[in-house]
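One structure, as structure tokens, below. Some questions next.
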Amino acid sequence: MDKNKIKKLLEEVKKGNKSIKEALTVLENLPFIDLDFAKIDTHRELRMGAPEAIYCMSKTTTQIIQIIEKMKNDSNILATRVPEKSMKEIEKTYPEAKIYPESNLVFIGKFPNKTIGKLMIITAGTSDIPVARECEITAKSMGIKTETIFDVGISGIHRLLSIRNKLKEADIAVVIAGMEGALPSVVAGLIDTPIIAVPTSIGYGASFKGIAPLLTMLNSCAPGISVVNIDNGYSAGFFAAAVIKKLLKRETE
Amino acid sequence: MDKNKIKKLLEEVKKGNKSIKEALTVLENLPFIDLDFAKIDTHRELRMGAPEAIYCMSKTTTQIIQIIEKMKNDSNILATRVPEKSMKEIEKTYPEAKIYPESNLVFIGKFPNKTIGKLMIITAGTSDIPVARECEITAKSMGIKTETIFDVGISGIHRLLSIRNKLKEADIAVVIAGMEGALPSVVAGLIDTPIIAVPTSIGYGASFKGIAPLLTMLNSCAPGISVVNIDNGYSAGFFAAAVIKKLLKRETE
Amino acid sequence: MDKNKIKKLLEEVKKGNKSIKEALTVLENLPFIDLDFAKIDTHRELRMGAPEAIYCMSKTTTQIIQIIEKMKNDSNILATRVPEKSMKEIEKTYPEAKIYPESNLVFIGKFPNKTIGKLMIITAGTSDIPVARECEITAKSMGIKTETIFDVGISGIHRLLSIRNKLKEADIAVVIAGMEGALPSVVAGLIDTPIIAVPTSIGYGASFKGIAPLLTMLNSCAPGISVVNIDNGYSAGFFAAAVIKKLLKRETE
Amino acid sequence: MDKNKIKKLLEEVKKGNKSIKEALTVLENLPFIDLDFAKIDTHRELRMGAPEAIYCMSKTTTQIIQIIEKMKNDSNILATRVPEKSMKEIEKTYPEAKIYPESNLVFIGKFPNKTIGKLMIITAGTSDIPVARECEITAKSMGIKTETIFDVGISGIHRLLSIRNKLKEADIAVVIAGMEGALPSVVAGLIDTPIIAVPTSIGYGASFKGIAPLLTMLNSCAPGISVVNIDNGYSAGFFAAAVIKKLLKRETE
Amino acid sequence: MDKNKIKKLLEEVKKGNKSIKEALTVLENLPFIDLDFAKIDTHRELRMGAPEAIYCMSKTTTQIIQIIEKMKNDSNILATRVPEKSMKEIEKTYPEAKIYPESNLVFIGKFPNKTIGKLMIITAGTSDIPVARECEITAKSMGIKTETIFDVGISGIHRLLSIRNKLKEADIAVVIAGMEGALPSVVAGLIDTPIIAVPTSIGYGASFKGIAPLLTMLNSCAPGISVVNIDNGYSAGFFAAAVIKKLLKRETE
Amino acid sequence: MDKNKIKKLLEEVKKGNKSIKEALTVLENLPFIDLDFAKIDTHRELRMGAPEAIYCMSKTTTQIIQIIEKMKNDSNILATRVPEKSMKEIEKTYPEAKIYPESNLVFIGKFPNKTIGKLMIITAGTSDIPVARECEITAKSMGIKTETIFDVGISGIHRLLSIRNKLKEADIAVVIAGMEGALPSVVAGLIDTPIIAVPTSIGYGASFKGIAPLLTMLNSCAPGISVVNIDNGYSAGFFAAAVIKKLLKRETE
Amino acid sequence: MDKNKIKKLLEEVKKGNKSIKEALTVLENLPFIDLDFAKIDTHRELRMGAPEAIYCMSKTTTQIIQIIEKMKNDSNILATRVPEKSMKEIEKTYPEAKIYPESNLVFIGKFPNKTIGKLMIITAGTSDIPVARECEITAKSMGIKTETIFDVGISGIHRLLSIRNKLKEADIAVVIAGMEGALPSVVAGLIDTPIIAVPTSIGYGASFKGIAPLLTMLNSCAPGISVVNIDNGYSAGFFAAAVIKKLLKRETE
Amino acid sequence: MDKNKIKKLLEEVKKGNKSIKEALTVLENLPFIDLDFAKIDTHRELRMGAPEAIYCMSKTTTQIIQIIEKMKNDSNILATRVPEKSMKEIEKTYPEAKIYPESNLVFIGKFPNKTIGKLMIITAGTSDIPVARECEITAKSMGIKTETIFDVGISGIHRLLSIRNKLKEADIAVVIAGMEGALPSVVAGLIDTPIIAVPTSIGYGASFKGIAPLLTMLNSCAPGISVVNIDNGYSAGFFAAAVIKKLLKRETE
């Protein structure tokens, strides 16, 4: 992105030669950065309210670093599914990066100081925590207040009942479960907080790497549940944040 | 539900002998209505903000009518997946019922006069309209303002671009598509409105009664999408309404 | 089965010429009845403790009636998955038959007066009742005491909590659920009664005629659950009865 | 779990200040141990008759050890699906642990001296033994008498006939098979002992990691069979033990 | 097919002007009959030892009759999967046709008087008989001696043992089973007769219209089994006949 | 579409007031026709070279007729997957319509007089003809010269060899097959004509309504094959026509 | 197996004290060898005409060696799916063993000098050779004459036509193919030799580790094909050998 | 291939003793090169217009080198799916080879100087580039002009719109996408260039190694799309090149 161009534009705005609305239109039409192997969507932050995350699976370390280089002055960096090898390289290159090794996640930048809303993220088991973390960091990077509670699956339902009130107070709850994936259904029967269900690939035998909990969640007899892809904490966090931002901002406009 | 019991309770509240909080607790613990073959969840409206819908598939006409009878004085009735035969019987028994034959849907009661939020419901094709209708009526019955736009699938993308601004203004968009189900992904790339995607069983060959669009939606490369079950307009409408109610109410509290 | 042969054998036993053990051996080796198109397993009652049920799907009415004719003097008749057309013919031919039309089930004979054990059969929804009935009649025909509770699914979990104690007192519980099939997992987290889970084909979209609840049940994170085939109330009832008979008889020997 | 709290409670019981029933209620409501990443279900032994097993797949070695530390004074430890690396660490930390390397299983504690019932565990092939061992140890840890017989698959049916009587004398049989998984059906046709069938992922080509035997077992034409998840010896052992304990205890009460 | 051409050819052979080998070559290259919508493979009998069967599914009655007309003077007619409507028309048009309504099968012509080999066809249940009949008639039309035994499934294994010797004497056995499809594996463990296994779509729930027995048969732990498509009695009969003809003819050459 | 607007535009072009390029741009941006339940893509013919086909599955007869009404003055009508009931209504309303009942296809209008290219359409069996017809009519309506050859499947490969030269001369061949779907692979090994393979749902047992031939075609070991959806003659015809038009027009420009 | 016992038996036969028939009966009922973890089926050679193969997948090296030790004096050893590690150990322990590393196959013993029949084994590609080898060695160990031809897939059909006569002369042909698996269908259309089709897991994308060719082979439009499991050369070889032995021996009796 | 034979043939042609047509016929019937483990299809170039590619998966390095040796004097070499180990060996043996390590692709020879047509290859993401490269090199080796554009997926649709005109000018576009695979549908709605869609195995969770985008592409609501196997850049490139060559050559003949 040509930063001089933007600077000039902003100067015009400041001087009153351009209205904010005009400037916004210009910005929305700015070209993406073309790295040949990748076109970085530089105005997504403007359009969508969040920077493009770098989905790193099947990208080489060189490609990832090049993309970070181009983006890091303009926005926070969220890199998901980072291969272990690339993670180490990133750690060396950007000592300031926050690394979440079990989630294969990297965040470079600053979480917004001011947060809005309240997102509760709960998991059925200990093994689901890496997915929860991906969800949490994504939402935090978008300025949402988050809270996490782990290992409250239904095989000991009293653990779940003990957090019922906390769940009720949240704007949205992300409920993460592997194996048979029944937790979102049970939670949805208890409270009126909308639930985003995330199936995980935790389990064995006929759980088929997450298909079993995915089907459970899609077929939930309790309404008020929507579902994202297996292990996709990023998508759950993004959707939850998008909902909160859209609706709370609307109120405050 | 023993109505006398509730009356007495309310009298106590009125007289100030019971606080509202106490009364609420009592109501939350009232037993469900037991019809032997069905236990009607009479306090769901209190707990969840919406009455229990009657899922009619595999229920006999007699069972459906009996459940309606028990519920209809206390709440609006939303009956989904009503078999054709039962639909006719309901039409005869409740001439005031609103019948949506192509959606196998019945609504008995009154839509709330005061609506909040703004839910946009769009379909990729004409054939997806029955699912959209189920979504629309569900949300309306929960007091949400809705708007529908049909047949804006991606094979002629200019049709979609013409409604881009409308979509931007909505709090949430429900995007319904069969066949390859790519519409939600495309919409999500255009705007920042959160999207609830509904795959439909429209299509043939390798669409496998909705599996193809379901997978498309779950795997969307655009974030900000969550998914409900195939043809499940009810669940999409309920989830959208729940989100709007939760977040807008929170603001106004 | 040649009844004279058995009579003579029993006379020999009575006179003390044959020990009970010898007679038993003879009986265990008696040939089946050969109807050419079917070989009726006449000594299953002896060997397995229950007569062979007639699985009627894809059998002609004539074949079913012929099998009933050959069996009905020696044992109770349990005919499952009876096609509607055959059901009517059976009703005419055997006015004494007990007909359960929604379960496609026929019972001809007498339920044992003396019952043992306690089998609790619960369903998640009203639509699951026909499967529950098949389970109940099967177990009753084998001399087991049964109780049924319907429509206690997890979308209103207070309905379930109200029957917790009843479930605790049962020897075994058969838990029947369609859609997402989470009920057995939840029940298993509450009590120590062993659970036989039966998935049903009730549901739509991605429930895939029962595959979703089947996977849920197989992958349950709560132990103490075993599973039978989709909609197979007969198998659940038979297995539960077999367990109760084996273990209680053992104690009383 | 706060042991002092329990001690005091028991003292009250002893003195007669608290009835047993009251004390039991208190105990059932004691909070779980919260390790943040895991909530240990400390009163499951009370509620379910068996301690919570530690499902170790996707847990870090540190997490596993921390959970063992918290649990090991109050109950036996059964850790399943232990990753090889963690297994070695456990072996070093707890020299008294019983290690079953091929089953990825660890048991720390003492098997009950007094056993009840009789559980027969048989496998179709040599390769199924690790699953059988997981089943055996689970049941033994719950106080059940077990016996194992390996490699009696149906391709040489005389091997099976030679153990027919042993099977008849068991209360319950766990029958474990991979490949085509026909063994449980054949056994069920021979005896009246109820059978818990366990499909294993042994096989190749179209066995699809255990789906083929799973389907075989679910569709068995012989009644008296129920099924658990692929390779899930733990669940089979737990269910069998639960059945025996429930029914035999009931008799002796 | 131009019959005059063949007559002349045969006269040449008779007179010694053409060797048998030459004539055979000519015949092998005769063109097929072209009906536009179908090309009848008129020299398959020569090349393959059996006339082309008419696979009638999705053919109109008119098309079927036209094909029969063209073929019936030169060879026997075997029409499989005949839709009910067409069956009636064929019955009227060809009163000499042998009709097997439950197998949707028609045979027009004469079974060879001289038969070779010995093919045993057995079914697990009564419901599998239509598939067995298709197999039987196919093999008979190719000059093979056949015998059928029905309903000897493994849930009462003594029924099977009673026919063990008959099976041993057969050249090949076709074993037909639905549900869990374990019968071929059991038979293969008892005798050295090669087995062609046919899965049928009989069953319910997770038998998935024959997939369960298909997988069982493919994964059989007993060798000496090969498999054909679900419900494909024709293919089993053809393959068995082809094997017998190839190998016995070879010996007698 | 406002025809006057276009007329005026064309007059401007004629007078030389507007360049062709300008006019084209205008036309490309003309709005679609909005019927509320459907948005007709009126400028697809301009953009894509072919009018929008009406996909009629799940549309009501009224909806179909309304769409035809709006479109029929501006372009030819191709209506696919027309339900039988609607077909009759269309036949009555538009006596000039060409009806292909077995393909559920309707064409209203005139095939172009001038044709280009050469498309060969062949089927493996007689039962595949309806799909071939849909392909043929689609291509003809787009001005392509077509030829059809039916029933040349590989079970009698000499039938196929007899048409080898015809296939060689075609620009593109559409090869349609059900059952195992091997015909495209075999054809591709014989000639250099590019092949569009269409799997059909003809077959039974493990053909799974076309999945088997679909997989066969996707996995073809012979290159030069691309695949469309099961039974999708329309898509094959459209793609073939699009290729021919694009490449031949390019040459003649 | 107690060899003394057999020796004595044979002496009795020699002396004329026991008829051959009596001795045979004794031998057929001899107990298997019990290694606890494995029951070796020592009389399979007698019953089935071939020794039990050792299926080594998931067996430890120690277990494999122990089984070889017990069997090797009485029969040839065929060990399939031998893990690489065990293969090396076997090679060291039994220098006389024939090792086929790419097929993970070991043969210890002598191939019969006298062979019968003629089995042709052909592959579609070079990559299918390891499966062909497993088939070849199995058949050879059972005394069958074999011939192999590799890489004659249908993408260059002239390669196949060049071996047509060889195929015609074989008693049975095993046809092995991965990818789309069309070779058996094509061969079956050319000759009257019965075909055993073996799908292999060679291929990528939608070949799904052999499912695509498996389905192709099951759905073949050419009759005279039967199918074994994916990559199962052993089963194909065994079945082919069993057929040849059964039918040719019958002739010579 | 016997080169002397061809030389002589060509001399005959030169001298006018043989017509070109005769010579061509001879060449078309030349035998393939038989390496025992592989039959190299030496006249495919003649028949199909492109040399046989060496599919290297599951071939040993020795086999690959041997095939290259035999082929490299007569034609260019394209080796696909080369295992890493073999790639290194090839690099050492043929220093002139062009190596594309991320595509596991090797090209030995010279790309044709004269190119025809215009093939545009675009990818949805950076991770899809290796598949695009395989496609590009295949088409280039067949004399096609190619252009590539990467990372223009639909989550930022403005990136796609910026290349709309380039796509319009291409003869054919290969569109490559993983995850939900919606890119081809969107492109097809924008332009009239025929599209070959390639699903890739990039993605996670419910993308099932490419099944999700495969289904999306097959079910596209936009016509003008045909599909090749998952990750099969080779097949897409070959098909595109074959189409261009067939149609452009036809024009110029």
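Note that the chains are named A, B, C, D, E, F, G and H in the order they appear, and that numbering of residues resets to 1 at the start of each chain.
By definition in this document, a residue touches a chain if its C-beta (ideal position, glycine included) is under 8 Å from a C-beta of that chain, and two chains touch if they have at least 3 such contacts.
In this text, all values refer to a predicted model and were calculated from it rather than measured experimentally.
Of all chains in the assembly, those touching chain E and also chain G are D, F. Comparing the contact residues of chain B and chain H by number shows a mostly shared set, over half of all numbers used being common to the two copies. Chain E and chain H, compared by their mean Cα positions, are separated by 43 Å. Averaged Cα coordinates give chain A a centre that lies 39 Å from the centre of chain H.
Centre-to-centre separation of chain C and chain F, using mean CA positions: 55 Å. Multi-chain contact residues of chain G (touching two or more other chains) are listed as 125, 155-156, 205-207, 211, 214, 218-219, 223, 229-230.
Those chain pairs judged to touch are A-B, A-C, A-D, A-H, B-C, B-F, B-H, C-D, C-E, D-E, D-G, E-F, E-G, F-G, F-H, G-H. Of all the residues in chain F, the ones that touch chain B in their complex are 29, 31-32, 36-39, 41, 44, 52, 55, 57-60, 63, 81, 199, 201, 210-211, 214, 229-232.
The touching residues of chain A, counted against chain D in their complex, run 102, 125-127, 129, 150-152, 155-156, 158-159, 162, 202, 204-207. Contact residues on chain C toward chain D in their complex (touch as defined above): 47-50, 53, 117, 171-172, 190-194, 196, 214, 218-219, 223-230, 234-236, 238-239, 242-248, 250-252.
Across the interface of their complex, chain H is touched by residues 124-125, 153-157, 179-182, 185-186, 188-190, 203, 205-208, 211-213, 215-223 of chain B.
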